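Multiple structures follow.
Below, chain A partners chain B and then partners chain C, in two separate complexes.
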Partner chain A sequence: MNILVAVKRVPMTGGRIVLRDDRQEIDTRHLGFTISPHEECAAEEAVRLIEAHGGSSTVLTLGPPEAEEQLRDALAVGVDRALHLVSDGEEWDPQATAAAIVAAIAAERDAGTRYDLILFGNESADAANFQVAMRVAAALALPCVSGVKAISLDGGRIRCEQEVGGGRDVYELELPAVVAVKEGLNLPRYPSVPGRLRAKRKPLEASSPQRPGARLRKLELALPPGSGKQARILGSGADAAGAVVEVLAELGLL
Partner chain B sequence: MAAEVLVLVEHAGGEPDELSLQALALARAYADGLGGAVSALLIGRGAAGAAGVLGVHGAALALVAEHEALEDDTRFAPDAWAASLCELIARRSPAAVVAAGSDRGNEVLARAAARLDQPMAANCLAAAAVGEGARVTRLRWGGSLLEEAELDGVPALLTVAPHAVATQRLDAAAAAVESFTPALREEDLRVAVRERVAAPGGGVSLADADVVVSGGRGVGSAEGFAAIEELAALLGGAVGCSRAVTMAGWRPHSDQVGQTGTKIAPELYIPCGISGATQHMAGCKGAKHLLAVNPDPEAPILASADYAVIGDLHEVVPAINAAIRKAREAR
Partner chain C sequence: MSAEARALPGRANVVIIGAGIVGNSLVHHLARLGTSELVLIDKGPLPNPGGSTGHASNFIFPVDHSREMTDLTLESVRQYRELGVFTECGGIEVARTPERMAELTRRVASAKSWGVEPVALLTPAQVRALVPYIDESVILGGFHTPGAGVVDSLQAGTLMREAAQSAGALTVSPNTEVLAIDVEGGRVRRVRTTRGDVEAERIVICCGVWSPRIARMAGACIPLTPAVHQMIDIGPVPRFATSVGVEFPIVRDMDTNMYERQEGGSLEIGSYAHRPILHDPDEIPSIEESASSPTELPFTQADFEPQLEHALELMPEIVGDESVGVKYAINGLLSLTADGLPLLGETPEVRGLWSAAAVWIKEGPGVGKTVAELMVEGSSEIDVHGADIARMHDQQRSRSHVRARAAEGFNKMYGIVHPAEQWESDRNVRLSPFHARERELGAVFYEVGGWERPHWYGSNAALLEEFGERVSTRESEWESRWWSPIINAEHLALRERAAMVDLSAFAIFDITGPGALEVVQGLALRQMDVAVGRAVYTPLLTHAGCFRSDLTIMRLDEQLFRVVTGAAHGMADRKWFCDHLPADGSAQLHDQTSAWCTLGIWGPRARDILQSASGDDLSHEGFPFARARTIELGSLPVLASRISYVGDLGWELYVPIEQGARLWDIVAEAGAPHGVIAAGIGVYGTTGRLEKCYRAFGFELDGEHDVVEAGMASAKLKDEAFVGRQAHLRHREEEPAAILCTLTVDDHTSASGVKRYMLGNEPILTRDGAALLDRKGRRSFVTSAGAGPSIGRHILMSYMPPEHAVAGAQLAVEYMGERYPCTVAVVGSTPLFDPDNTRIRS
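So, the complex of A and B:
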């Protein structure tokens, strides 16, 4: 079987977000980059499913030239090949993102690769639009389940479990299907050194789609108001325990 | 015709969901800007019961979708919900369609947006009509960043960030209730819940706990959590952790607090050995009080803390446990 996984390069923001002066982007000058934990789990799941059932996995990103780093990371944990839709560095809106992914899937089909399963993160780490997977599924007329925390394959069917208040909802879909997953689906492996070396030689195909006009346009970013809190230091080490107990009593928790 | 804002209202046990009432409040403000009215769409068993009370929350009209495939909530079919919503949109040409930024609200609205090929803005805090579109303030990065954005086209499709908009109670009559039967096709029922598996009971759930005691990388090992578990038990709370801990395999992901974990809202949150990365803090913004245990007085977590103990959690936490026991014995 063939599995496609879509991932998005995002900055690793650490303890505090700093915006650029023009307030259009996060200031990433001192930051590393990564993908969403949801997408890491999607890539891990693709690798496991191919290990168990045979076939080939492909990772796709729409992102700047530097996003090759995130594709190589996915190749390093065992994905077989990569598709890089090289963007101009601007963030594409969700409709444009979905259209580019749909076009890439169509081009793959024309070249002889049909995907049985297309995996997404439930939401991108930065923009969190909660929609690209559903748009791709609708354009391809494929069934789609989101928020998935467990997957199993049985012949031509996929069983997906979604967490809901008080339990889990179970869906069963015919393949081909689109599934958007959440962290907790599996425990992703760390890339090994041999994995990283192999990743350098794995096939990566790049193309440069044209960005259409955005219909959801970012005007400006802002930081939410700070907590304004000034922590009361209760003490250092074990000696602070008495002061902690006093706080617990104040809060009615003793 | 006056402008209409249509709200997808989720409900359970004959009561509208809190998050849907928050969505109604944002919809009300949007409609007020247009001099228009708010109507609600409710789907599934118990809908009619939940519909009447929507009047005081600003909906003049409640439209109840009735279809045998929509009756049973344990057979939720997201495309059938989207189809029902799109049918109403075609019939009523609303200026905006609003849903809660819940799992279900986001997913149904995204499916409707895909069918209509219209833009959608998720997790909005505020929204207003501007020309043939809307201007919104929305959350990025799990709430760590705000975005001002513009959206083209009518209807504007919006979901409302959970617990960010206050619900309202107006002095208004009960909503008028009308039912309709959406024309569902077989494809709309292709994706549907087959089975609901109940969660194993017992223990305090992380999302609902009054006290959460979490450990981060500073705990050092799975065994290192013993004192943290003990403190949580002493306070009748739940154990949480950071992603560094889940990735190390020390705790299951169900314990993870944060942007891609569980969102908590306890009376007291006690993060131990957690630095306070924005993605962790995205999960504990709802905590009323925060007590950090960390040897680093410069750790970012202190900027969000009400109280802090500077020190090694392996000394501090057992000492707190002993002091709680002693204080309780003395009473």
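So, the complex of A and C:
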């Protein structure tokens, strides 16, 4: 089988997020970049499914030239090949993103590659529009489940467990299908050194889609109050014990 | 109330900024030496405020080719052991190339010279026996230091900080940001922080990569640059499944600029092989903005990829294991300087503002102790003049210079660096007025203090033929690197005729005013209350009676003393004089370095040459030795000083820089009929000096040897007080623990039949190979080495324990893994060449 995983290059935050002066972008001068966590699980799942059932996995990203780093990261954990839709570095809205991915899938089909399963992250870690998977599925007239925390494959059918309040809904779809997964689906592996080195040599096919006029306009970014690291010093040495107990009790751990 | 919330004391004896390994050990040692009312502040939380200590790899290899760094490291290891945070696991530097194997024999020699033992060279199989996961087919051998180990630097810092606290000497204030440092009248007065102001006479900046920022608040400069060191952690490693702590030796894969070390179930792989990635202290993210810590920056995978291949070659079993993942990868920030040494001591710009920066884990506690000693006692057990922050000339502090040299030095971290190797970046900064003439003569320039100095002249190649077999050559590539036989030919031409030497790199200061005599008298070992027109060569001593410097002082007028010293140490000397200027302003220091150029002329024809261009009486009676006065040469008034560092008749000639080219032309023209040549520093600094057994600061003379040991005590000591007098008086009464001797090499032939020539720092051993230790535990090693073309021998200088300091004593010098017989030629300061000094005094 053939699996396609779509990933997005996003800033690796951890500390306080700083916006650029024009409030249009996150200031990423000091930040590294990563694959959105949901998509990391999608890539891991693709690798596991291929390991178990045979076939080939492909990772796709729409992103700036630097997003090659994220494609190589996916190749390093075992994805077989990569498609880079090289963007102009601007943020593409969900419609434009979905359209570019649909066009890429069509081009793949024309070249003889049909995907049985197309995996997305449920939402990107930065823009979080929650739309791309559905838009791609709709355009390709494929079934789609989102919010998926467990996947199993049985012949031509895929069983997806969707996280819902208080439990899980289970869907079974005929392949081909689109599935948008969430972190927790699996525990992604660390890349091995041989994996890293192989990733350098794996094929990476690049194309440069034109960005259509945006139909969504970003006004500005704003930081939610209280975002970033919140550290409170409870005290030092034995004096801190009481405060620590209180916190543990608050968290319901005692 | 928690310690953090308590207000800072309004006053402190010393404020220490930065609670990494350096600040913590410094407060400990200051408290131990009796200093109380210390305040330690850090912008970050404790125990890991977010600086380089927090992500350091924490391993220590004691052996370095620099004695100063080795001493600091050994002292640090001693302290780490005492604190119980040192895990001795041993370390192996492996070689992939024959050149590296030769370099490893130099490591063995340095280990023996600095007293790091045991060490051993290992075969590939022996390496594998210790590190079973290494592929021995990749390597040719290894250099094993069993005493290498890994420390817990955060725990060490915590223990030392707490020791100072429990002694009641220290207030600690984390999460406290420095806002300003107030300076009044050139002295620090107070630190302004987010938790209030603290008045203090002394402030120490131990802020690692942030040090330049903090220093700038006080108008001072700590010239370092943050730079990236990449490391990754891979695991879990099946072989290490049951490993606890550190169980295997650390491996340094020297030829690939990498290291690998096991800790717990993981293997850490670090690299100095990637492109230099320099940062700016002002651009380091804040603690709040940082994803992990401000000094753990996002890993740049592409820079590390070639290193992965190298690690895979060396340790395929682990690195090639598909189940072993890359769990952690950072671009860690550390501090680099232009010359690779730390920045220690009081800043030259601001009194009371101290620096203890560009210090790594391996030397942290040693630096803490040393800086504490310097602050409390004025001198330190370990001589750190090489790391003195005052060593830098102005242009060496510029951001561009620091970055250029740090970038150039980065990949030399594990490199095979020749002792005479020159920097390539940021050259041609300070050019003497003779420069154009020198270029015409094919000068090969070496740099000191930013100055370009001819080391030898290509145009003198013709002398090789003239002197034929008297010019010794070198067969081995290593010793002929950064060297030319022309140096020896220039030497012989100087001894037979005369040579002009560009000495414009001299640092020159005038001490003037009614208090000038008192200033120089109070620092110089020799009598400075001499007649106007005398030139005096004198050591300056530390408080402990050891060497602070050695230089020449001319008394040009009742209230005018001109100090002439070497470029390498000149700025530190300037600070030493400035520190001792009287508070009442009765003496001043004027830096004349950029006002005067200097041309030396020495050789038996020197007098004839100058006399032919001068109407002044230059006869021995008319211009005796050790005199300085203005003469006319051609149309130029020239300050001439009749002294010599090469042991021949001659003068140093000083003129204002804009007249330098004319001076050169006058001397060259007058000298032409006498066969004068231009000679480089290869003659002045090595061959000429060594034949005369003249000592050099930083080689024979340092802060760990006294005047008596160096054989430089005068028969009669002046009555006037001077720095180091008490200690010197004591030394004069004692039997010296070691005596500086000059040795000659008896046979240069190596096992392979190639003649080899030592370059310095090699251990002196008995003929059986046993180390020589004096009663203070110091080893005998070669302080200077070089050819003596006039005596036809290769000359070594070394301090020897008294029982071996006997003329004719048969000893050995170890070089590149072999021992060569040598003999003590002279005990003390009697020259090998012209022992009666008739040439100088004729």
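The rule is simple: the second predicted complex is superposed on the first by the 231 of 254 C-alpha atoms of A that agree within 3 Å, B and C clash if a C-alpha of one lies under 4 Å from a C-alpha of the other, contacts with A are read in each partner's own complex, and residues count from 1 in each chain.
The definition used in the following text is that a contact is a pair of C-beta atoms (placed from the backbone, for glycine too) under 8 Å apart; a residue touches a chain by one contact, two chains touch by 3 or more.
The shown structure was predicted, so the numbers you read here are calculated from the model rather than taken from an experiment.
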A:139 contacts which: chain B (first), chain C (second), both, neither? first
Is it chain B or chain C that touches the larger share of residues in chain A? B
Partner chain in contact with A:233 - chain B first, chain C second, else both or neither: both
Based on the superposed arrangement, let me know which partner A:112 touches: chain B (first), chain C (second), both, or neither? neither
Figure out whether A:13 sits in contact with chain B (first) or chain C (second), or with both, or with neither. both
Per the contact definition in the header, classify A:54: touching chain B only (first), chain C only (second), both, or neither. neither
Does the superposition put A:69 against chain B (first), chain C (second), both, or neither? second
Quick one: classify A:155 as touching chain B (first), chain C (second), both or neither. neither
For chain A, which residues belong to both interfaces, chain B and chain C? 13-16, 229, 231, 233, 235-236, 239
Can you name the residues of chain A that touch chain C in the complex? 12-16, 18, 29-33, 69, 72-73, 189-197, 200, 228-229, 231, 233, 235-236, 239
Chain B contacts chain A in the complex at 74, 76, 78, 103, 106-107, 110-111, 113-115, 117-123, 135, 139-153, 159, 187, 190-199, 210-211, 235, 243, 246-247, 249, 252-254, 256, 259-261, 267-268, 275-279, 289-292, 297, 299-312, 315-316, 318-320, 322-324, 327-328
Seen from chain C, its contact residues with chain A in the complex are 2-4, 45-46, 175, 234, 283, 285-292, 297-299, 301-302, 305, 308-309, 311-312, 319-327
Chain B contact footprint on chain A (complex, rising order): 13-17, 26, 36-38, 93-95, 98, 123, 125-131, 134-135, 137-139, 141, 143-147, 161-162, 164, 166-174, 182-184, 187-188, 215-224, 226-227, 229, 231-245, 247-249, 251, 253-254
